[in-house]
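Structures follow.
Same chain, two partners: chain A is paired with chain B first, then with chain C.
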Partner chain A sequence: MTGRGVAWAESEWLLAASVWTEKKPGRGEDAEPLFVHQFSSGEGVVGVFDGAGGAGAAAAGTSASGAERTQAWLASRFTRALVEDWFVGTDRVHEDLHEHIATALVKARGTARRKILGTMRRELPTTMAALHYRWGDDETAEWAALWAGDSRAYVLDAQDGLQQVTRDDTESSDALELLTQDPPMTNMVCADRPFEVHIARGSTKVPCVLVCATDGYFGYVTTPAEFEDVLLRTLERSETMQQWGNALADEVVGYTGDDASLAIVALGFTGFSQLRHDLSGRTAVVREHAAQIAAIAPGDLETLTAVRADSWARYREDYERLMPVKEPR
Partner chain B sequence: MIGDIDTYDPIVEEIFPRAVRLLDRLESPSMDTALVLEPMRGDPVLVSAGEKVPGAVLGRYRRAARVTLRVVQCRFVEDDIPTADPGFLQRAEVRFTCQVTDPVEIVRSGIRDMTRAVQPSLAGIMSDVLSEFDVSEYNTALKTLKRELEVLRGRGGIALGNFHVKLLNKSEYYDHTRDMRIESMRRRDMRGVVDGGREELIAQHLVKHDGDPTSLLAAEAEAVDRDKDRMIEMVRISTDEDADPVEMREARRHVFGKIFGDPAMLKPPERKRLSRRDVIASRRDGGPAEVTAGGEAEPVEPREPREVAPPPVPEPPPAPEKRVSRLRGSAAERRGR
Partner chain C sequence: MNESLKYAVDIVMCIDATMSMKRTLDRVKDSALSFHTRLAAAMEEKGRSISQLRLKVIGFRDFGDRADDAIEQTDFLTFPDGAVEFERFVRDLTARGGGDIPESGLEALALAVQAPWEQGLDRRRHVIVLFTDAPAHPLGSPSQVSVRTYPQSVPHSMEELFSQWGHAQSSDALMENSAKRLLLFAPEDQPWEDIADQWNHTLFFPSEAGEGLEEWEMDEIINTIANSL
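Our next item is the complex of A and B:
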């Protein structure tokens, strides 16, 4: 087991890459990212799944090759397969996805069931963040974000930059606060308790980039803007989707403390050169945020806190422009 | 009162379908919309993306509405929000995201302008919060307002969130506060300079002029010259026979004061303002009216020529005590006697 994988696709008007790295080779709890595109309908689905290692640390069984697998490991892969199945084998009604996953997990529970579970333990727990998109010949692409937990989906465009289109299942939704505090999740996919698959719908002018990522990518940076900087910095030095995928894998292992997976779909670009050219205008914007952080002397926490807050205050409005609203109680 | 506004219509399409729709069947909604069908009788039917439309060709529907489910950023500017200071009204710009959570409810309530639909309740919260705070409590007011808005999630099929509030009159407040602070700081600093006496003032002057004493020395020399000139002028006046006696007396006082350092000499004597009766008495005595310093002479009424018997030859009156007239020109008159 290598501990990392990169897959890519380049077609007319459609570019895609998925990146997957493991902290401990062979034991990563992130599933390989999902990407399926149907050319006839112009629809596709892209998603990431992060098995919850703490709550799902219990053993789930042994693989055919003899490797022990945790509940978290199994849950992320299983849920990935279920989302793919929902896309390929159903009418793709978003409201049905929850039932599709929940029913299958309860069935699967029998095989991976443990006798004693504490309140902190969950059966087959995982996060999911997926984007179901449709782009015909129109100038806009429709999308629906489907998520549970703290993995995220984004829309990236040349005008407003990276915009989060999911809302973490945590008490706070402030991206900077989440970076510094890592609060517990209030909802995730699992087999033994009720959970919710949130749905947020939108449309975005094409060309645009859709991104899904687990917290291994966005949870170990200094400011929310730095994640966009990682995406654009690696894009800038790449010539193809394959190179961009590899650059993203190289970059993330340098700063993350977790398994990390990320999937990208670029719609409406004539090729990689146009993608890189169109997004180059954003590079200067996010580079300024990164430069301010880089200029702080090591150990100067007071300045770091102030600069970080200032960066977030300036970055936040566009970043949250498409963020769904917390549902009324 | 609402000012500038960004809004949207949540009902993107409204159709009144014919009874039979062979060629224009009702289509399933797109991914970011929901279709609400209002039958002739009974409850509305909600159709989500991917779901088949019941009775797409033959269904009897009074109305069909497509409702957007997108997250949309809205904005409005609220003018004339009261604060704790009755003389200061606040303006605030509120940005927030808005999302339809119940398309049926939106169609039922007929909302076609989302921002205007939610503005009254948001404006009410802003008014309640800001009226508690003085203009000087800008930061606390803003924090409280954001906290109150964050709690608000929406209702009636609408969810609200991601609030960004900007108080637009803050620059006025900041300008005022900054000016006050700068003035206060200057006063505090200058008080130290003044308390330090002459040496501190000289030091301050040198600081302000990069240690160059030229202008200070020049100013001092100029002051000495002015003083000398004035002294010479005073001496001249005090010895000039043609000078106005008043000026002469003042000049003497000044010169004596300078030479002998007697402050009493410098101080003009207290002078009693003459009452009208004193003036009349003085006139009766034949003396000219006297005026108070800085005042005008009481007018001396011309004496009526009276026909009287030739007066007896009087004894020569005693020489009147020589009085210094304070009326201009009287000195020359006296000289002519």
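Our next item is the complex of A and C:
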């Protein structure tokens, strides 16, 4: 196990990269990101899966190589495989994905009585954030965000920047509050109690970029705008998708406190140069947010709090433009 | 990148110090004394550094049996300066009294819920750890509330205590939903079973005050608390 993996693809009108890093090599609870594209239909699915290390800290067994695996480790990989299976082997009905996952997880669930009980425990717990997309004509790409937990999916475009198209399963959906408070999840994929796979559909003008990320990427920055800055400044210094993927891996291990995984699909660009050129207009916007944070003296929490709030107030409207409304309980 | 996002960790240890605990109290003390070190290590391993660590101890017995020392407690002790007092207090807890089988564990839990938890700083963890080998007297029991030393702030019903613990949508809870965790080392008896089943953010190791707990199980518990939910 290397603790790091980068994969990429460059094809006509389609660019993709996935990045996966572990905090502790061999122990990472994020699954390797999922990316499958079917050229014949113009459809694809991209997703990330973060095994919930708190709720799923219990042992799940030992691998063939002798490595001990937690329930969280197993859940993220298993759910990734189930989403891939849903895309490849079914009619891709969004409403069926929950049943597809839940049925398989219940079958996989162990029957041994747990010695440690309580409401914090889950069996095979993981987040998922996936985008099923279809690019059927030249103008727009249709997408459906499918998620449970606090991993996120985004649309990134030159006009409005990074826009979250999922809503975290936490009491608050305020991205700054989520950064500062680290609240518990109210829903996640698991085998021992009901869960929900949310669905939000939309369409975006092509060319566009679709992004899925676990909280290792966006949960350890100072302001929500800083995650977009990470994406764009690594893009700016790259020449290919491979380089961008590697730059994203290099960047995240420098600041995250967690396993981190991210997947990017760019639709409708003539090549990497156009992708970089088209998004370059956003770079200055988010760089200004990052520069204000960087200028704060270390330890000056009062100024940090004020600047952070100001940054979020200015960034929030575009960032939440495509965020689904909270579903009634 | 985000230097401000450190964790303020408060831990309240509720320890049954009645005579029936005599056999296991030394082991419980060892667990209590090492808990914060293990939690800090697990959090550091996950990249969650601790900006402030405070511990508070509540030793409890039975108001109906020992009015004068049914509760013995410290204030929150800030580490590392408070480490010596913390250890001295825990080491000095002596198993005595208790009378009938149920003890005043719910009163100790209520006092823990009402503790002056850290409200500032960025990310917080508020952890209550309770060790007991017995069920608890129901809140509001005449044999308890009539005792002159009985704390006036303790709720008179489980419903009231639950509302102080709170749930995800609570507006009047005393505990902060994002931060709170409750770890019970207690027998499969009431009220512990119901609390573990119905209150959010609980971990329950059914046992006599944690007896039989393996090292790897303690690691699992610590990891569950150290990680986000």
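Convention: the second predicted complex is superposed on the first by the 319 of 329 C-alpha atoms of A that agree within 3 Å, B and C clash if a C-alpha of one lies under 4 Å from a C-alpha of the other, contacts with A are read in each partner's own complex, and residues count from 1 in each chain.
Basically, a contact is a pair of C-beta atoms (placed from the backbone, for glycine too) under 8 Å apart; a residue touches a chain by one contact, two chains touch by 3 or more.
Remember, predicted model here, so these are calculated numbers, not experimental data.
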| message | Quick check for you: in the superposed arrangement, does A:Ala200 touch first (chain B), second (chain C), both or neither? | response | first
| request: Report for A:Glu239: first if it touches chain B alone, second if chain C alone, otherwise both or neither. | output: neither
| Touched chain A residues, chain B compared with chain C | C
| query | Taking the superposition as given, does A:Asp310 touch the first partner, chain B, the second, chain C, both, or neither? | reply | neither
| message | Let me test your reading of the model: by the given contact rule, A:Arg92 touches which partner, first (chain B), second (chain C), both or neither? | response | first
| task | Applying the touch criterion given at the start, work out whether A:Ala144 contacts chain B, chain C, both or neither, answering first, second, both or neither. | result | first
| query | Now for A:Val325: first (chain B), second (chain C), both, or neither, which partner does it touch? | reply | first
| said: So chain A touches chain B in one structure and chain C in the other; where do those two contact lists coincide? | reply: none
| For chain A, which residues are in contact with chain B within the complex? | 91-96, 132-134, 142-144, 165, 200-203, 316-317, 320-329
| In their complex, what parts of chain A are in touch with chain C? | 23-24, 52-55, 57-59, 115-121, 171, 179-186, 220-222, 226, 254-258, 298, 301, 304
| query | Which residues of chain C touch chain A in their complex? | reply | 1-5, 45-48, 122-124, 168-169, 177-178, 181-182, 184, 196-206, 216-217, 220-221, 223-229
| Footprint of chain A on chain B - complex, ascending | 30-33, 48-52, 69-71, 73, 95, 97-99, 101, 153-155, 159-162, 164
